[in-house]
Amino acid sequence: MMNLLPVVLTAIVGIVVILSFFVPHPYIAEPAQKLQDWAIVIVASGYVLGAANVYKVNGESAIKRQKDWVYKWILLGSMTGMMVVGFFFSGGTQFLNEGSPFKWGYDFLYVPMQATMFSLLAFFIASAAFRAFRIRTVDAALLAVAALVVMIGRVPLGNLFTAAFPEPIQLPTMANWLLEWPQNAAKRGIAIGAGLGVMATGLRIILGIERSHMREEA
Amino acid sequence: MAFGDTLEKLDRRWIFLLVALLVLIPLLRPLRLPLAVSGPARNFYEAVEAVPAGSIVVLAGDFDPASAPELVPMTKSVVRHLFRKNVRIIALELWEGGPPLVDAILHDVGDELGKKYGIDYVNLGYKSGREAVMPSFGNSFSRTFPNDYSGTAVSKLPLMREADTFAQTALFVNISAGYPGTKEWVQQVQGRFDVRMVSGSTAVQAPEIYPYLQSGQVVGLLGGMAGAAEYEKSINVPGAATKGMDAQSSAHMFIAFLILLGNAIYFSRRGAARRPS
Amino acid sequence: MNISMDFGIWVAAALTLFIFSFLYKDNPLYKFAEHLFVGVSAGFVVVQQFWQVLWPNLIQPAVTRGTPEVWKFYVGGLLCVLLFTRLFQGISWLSRYTIATLIGTFAGLKVTGFAQAEVVEQVRATMVPLWTGDLGSSINNIILVVGVITTLVFFFFSKEHKGAIGATARVGIWYLMVSFGAAYGFTVMSRISLLIGRLMFLLDEWLGIVRF
């Protein structure tokens, strides 16, 4: 019974949401809207639960002085610091307004670190282009040609190389054609395939055939 | 062969250094190479240009600082274009890290062009829930976002009294870095509420949007920093994206060269290995 | 050169350089920034979820007198509380009701969203005339239709890829390779843009050498 009830609940909820797409009557639309309202706050709670997990996982290794324990304290300290500042010293709902201490943390800690972390990829993609991008087969050759045409055809310097040629064989024209037709065709094939896959998986969940999400872990 | 061997065993930090220099030098000494505007970017511009003065546009800024160099210039240009046409903006964000970036753009460009918060534009702020937010927002803006970015009740904002569903708006602009973003807005909102939609995407995501472009679900597309620069050119206000295009050019050429060089070494070694000694 | 005098800008510049130092090799400065980043991000997200989501969409209406249909906020609150039972072994099964509600909602949204936008609309947009009266656009339409069909055949694994199906799937692979190549080209563009953004910050806001 304890396993069956959540499965039944998933089915009812899923069917109501699907019906709301086709039936705008308030008897269907309003319950579906309430479910979406709840989903919004549940997802927000999920983030808070995730933060509690961060404390649980890192707190243990920080206290037991396991590997990198000093860094775990930095992690826990900065997380706690942001929360204390955001909850108590930044004007409540105006916590992100210009001039609040929390906004300072966003501007000068969060923004530069996140942006720089992702910018490291520029270096690794260059190194991989040299070491790993090998044209061993016809398939790989097609991939390389498409990559080079798009890479060079979408920037001004690439445009200059073929500016003297007739328009149909200029690099930007070729890059745009490639994106709009063969590339688009493959992406559409993938989209239709994925669409059918998602519909099948969604229906399996709603009908209770797929239940892996019901596993609980403490 | 010795030269090829040396290159193959080259410490990758030399490549890192060259990448850094090839991006840095054009930023310090720009060449200002001419830029061509692609079809999808021109369609984006024309879709915004076609919005009548006084109407309301919804702008969803679904990105965070990791994609700011591509999407902040784009958002800035769109907001400037809309404000110049006296179009009013209702903004929202579905990515955690993005709301202050969008808010700063709205206030900076709004102040510059004499626009008033609450009357000419509103920032509804962030909501978690991804796809669940989208149809909910389509049904009622104020129910999904009872307060704005700073916690003010939306019922107190004059602009929000004029529009509560997509039916009261002229265009939906989505600036998107991934999930949730343009794909999800198309799936949950575009067809369901019959919304005219344009998308500004990171370059990584841009190829995914082409099927929607050809089907008419999305009527215009800006892809990455190049797309942002094309839009800056269209509205005739060069910004950070335009200034970054020379660096983008040199880095692209270098990576293309690395692909060709890596393969030249590979094939020369393979040829040598096949030759009888 | 007009170097910044703002303490915050110096902090941001130092953290940027700490993270870039990883390119030379892993080191304590990078590790410091890495852990600081995780902590700051987690703290940021929790505060944001509270003030921008849980407060206006749950707590404020639940505690305000005269809120219509206040029960729906109590139910929402209960579902959120049940989610936290995952932290306690004996009662963690209670979280299944919250998960069931969430999964059911998302499954429903995904089924209709994908059916309409990814299947119906995409199939409709592929039904184009193969001869339009103009050679160029006719070739393009043929390329599109052949590409969609062959790509779909490639993903059809219920039958072995031999004979006609194998040959069709082979064409599908070529299309996919072109698509992956284009995606690679765009990925390079994205990654380089991010680096440009950081260097612009260092040159402009920190060192004041160039104004962007």
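As written, the chain order gives the labels A, B and C, with residue 1 at the start of each chain.
In this text, contacts are C-beta pairs under 8 Å (C-beta built on N, C-alpha and C of every residue); 3 or more make two chains touch, one makes a residue touch a chain.
The structure displayed is predicted, hence computed values, not measured ones.
Colleague: Starting at chain A, find the fewest moves between touching chains needed to arrive at chain B.
Modeller: Step count on the best path from chain A to chain B: 1.
Colleague: For the interfaces B-C and A-C, which has the higher count of C-beta pairs in contact?
Modeller: It is A-C, judged by the count of C-beta pairs in contact.
Colleague: Cα centroid separation between chain A and chain B, in whole Å?
Modeller: Result: the chain centres lie 15 Å from each other.
Colleague: What whole-number Å value describes the gap between the mean CA coordinates of chain B and chain C?
Modeller: It comes to 13 Å between the two C-alpha centres.
Colleague: What is the distance, in whole Å, between the centres of chain A and chain C, each centre taken as the mean of its C-alpha atoms?
Modeller: Computed value for the inter-centroid distance: 2 Å.
Colleague: Quick check: what residues of chain A touch more than one other chain, meaning two or more?
Modeller: Within chain A, the residues that touch at least two other chains are 21, 36-37, 39-44, 46-47, 92-93, 96, 106-107, 110-112, 114-115, 117-118, 122-123, 125, 129, 144, 147-148, 151, 154-155, 179-180, 183-184, 187-188, 191.
Colleague: For chain C, what residues touch not just one other chain but two or more?
Modeller: Residues 23, 41, 44-45, 48-49, 51-53, 55-57, 105-106, 109-110, 114, 116-118, 122, 125, 144, 179, 182, 186-189, 192, 194-195, 197-198 of chain C each touch two or more of the other chains.
Colleague: In chain B, what residues contact two or more other chains?
Modeller: Within chain B, the residues that touch at least two other chains are 16, 19-20, 23, 66-69, 97, 99, 127-129, 132, 135, 147, 149, 151, 192, 207, 211, 214, 223-224, 226, 248, 251-252, 255.
Colleague: Would you tell me which residues of chain A are touching chain B in their complex?
Modeller: Within the complex, chain A contacts chain B at residues 21, 29, 33, 36-37, 39-44, 46-47, 92-94, 96-97, 103, 106-107, 110-112, 114-115, 117-118, 122-123, 125-127, 129-131, 133-135, 144, 147-148, 151-152, 154-160, 172, 176, 179-180, 183-184, 187-188, 191.
Colleague: Under the stated contact criterion, what part of chain B meets chain C in this complex?
Modeller: Its residues touching chain C are 13, 16, 19-20, 23-24, 27-28, 66-70, 96-97, 99, 125-129, 131-132, 135, 145-147, 149, 151, 184, 186-188, 190-192, 202-204, 206-207, 211-212, 214-217, 223-226, 240, 243-244, 247-248, 251-252, 255.
Colleague: Which of the residues in chain A come into contact with chain C in the complex?
Modeller: That would be residues 2, 5-7, 9-18, 20-21, 32, 34-54, 56, 68, 71-72, 74-83, 86-87, 92-93, 95-96, 102, 104-123, 125, 129, 138-140, 142-151, 154-155, 175, 178-196, 198-199, 201-203, 205-206, 213-214, 216-218 of chain A.
Colleague: If we count contacts the way the header does, which residues on chain C are in touch with chain B in the complex?
Modeller: Those residues of chain C that touch chain B are 23-24, 41, 44-45, 48-49, 51-53, 55-57, 60-61, 105-106, 109-110, 113-114, 116-118, 121-122, 124-125, 144, 179, 182-183, 186-190, 192-200, 203, 209-210, 212.
Colleague: Using the touch definition up top, name the residues of chain C that touch chain A in the complex.
Modeller: It is residues 8-9, 11-13, 15-16, 19-20, 22-23, 31-58, 72, 75-77, 79-80, 83-84, 86-89, 92-93, 95-112, 114-119, 122-123, 125-126, 140, 143-152, 154-155, 172-182, 184-189, 191-192, 194-195, 197-198, 201 of chain C that touch chain A.
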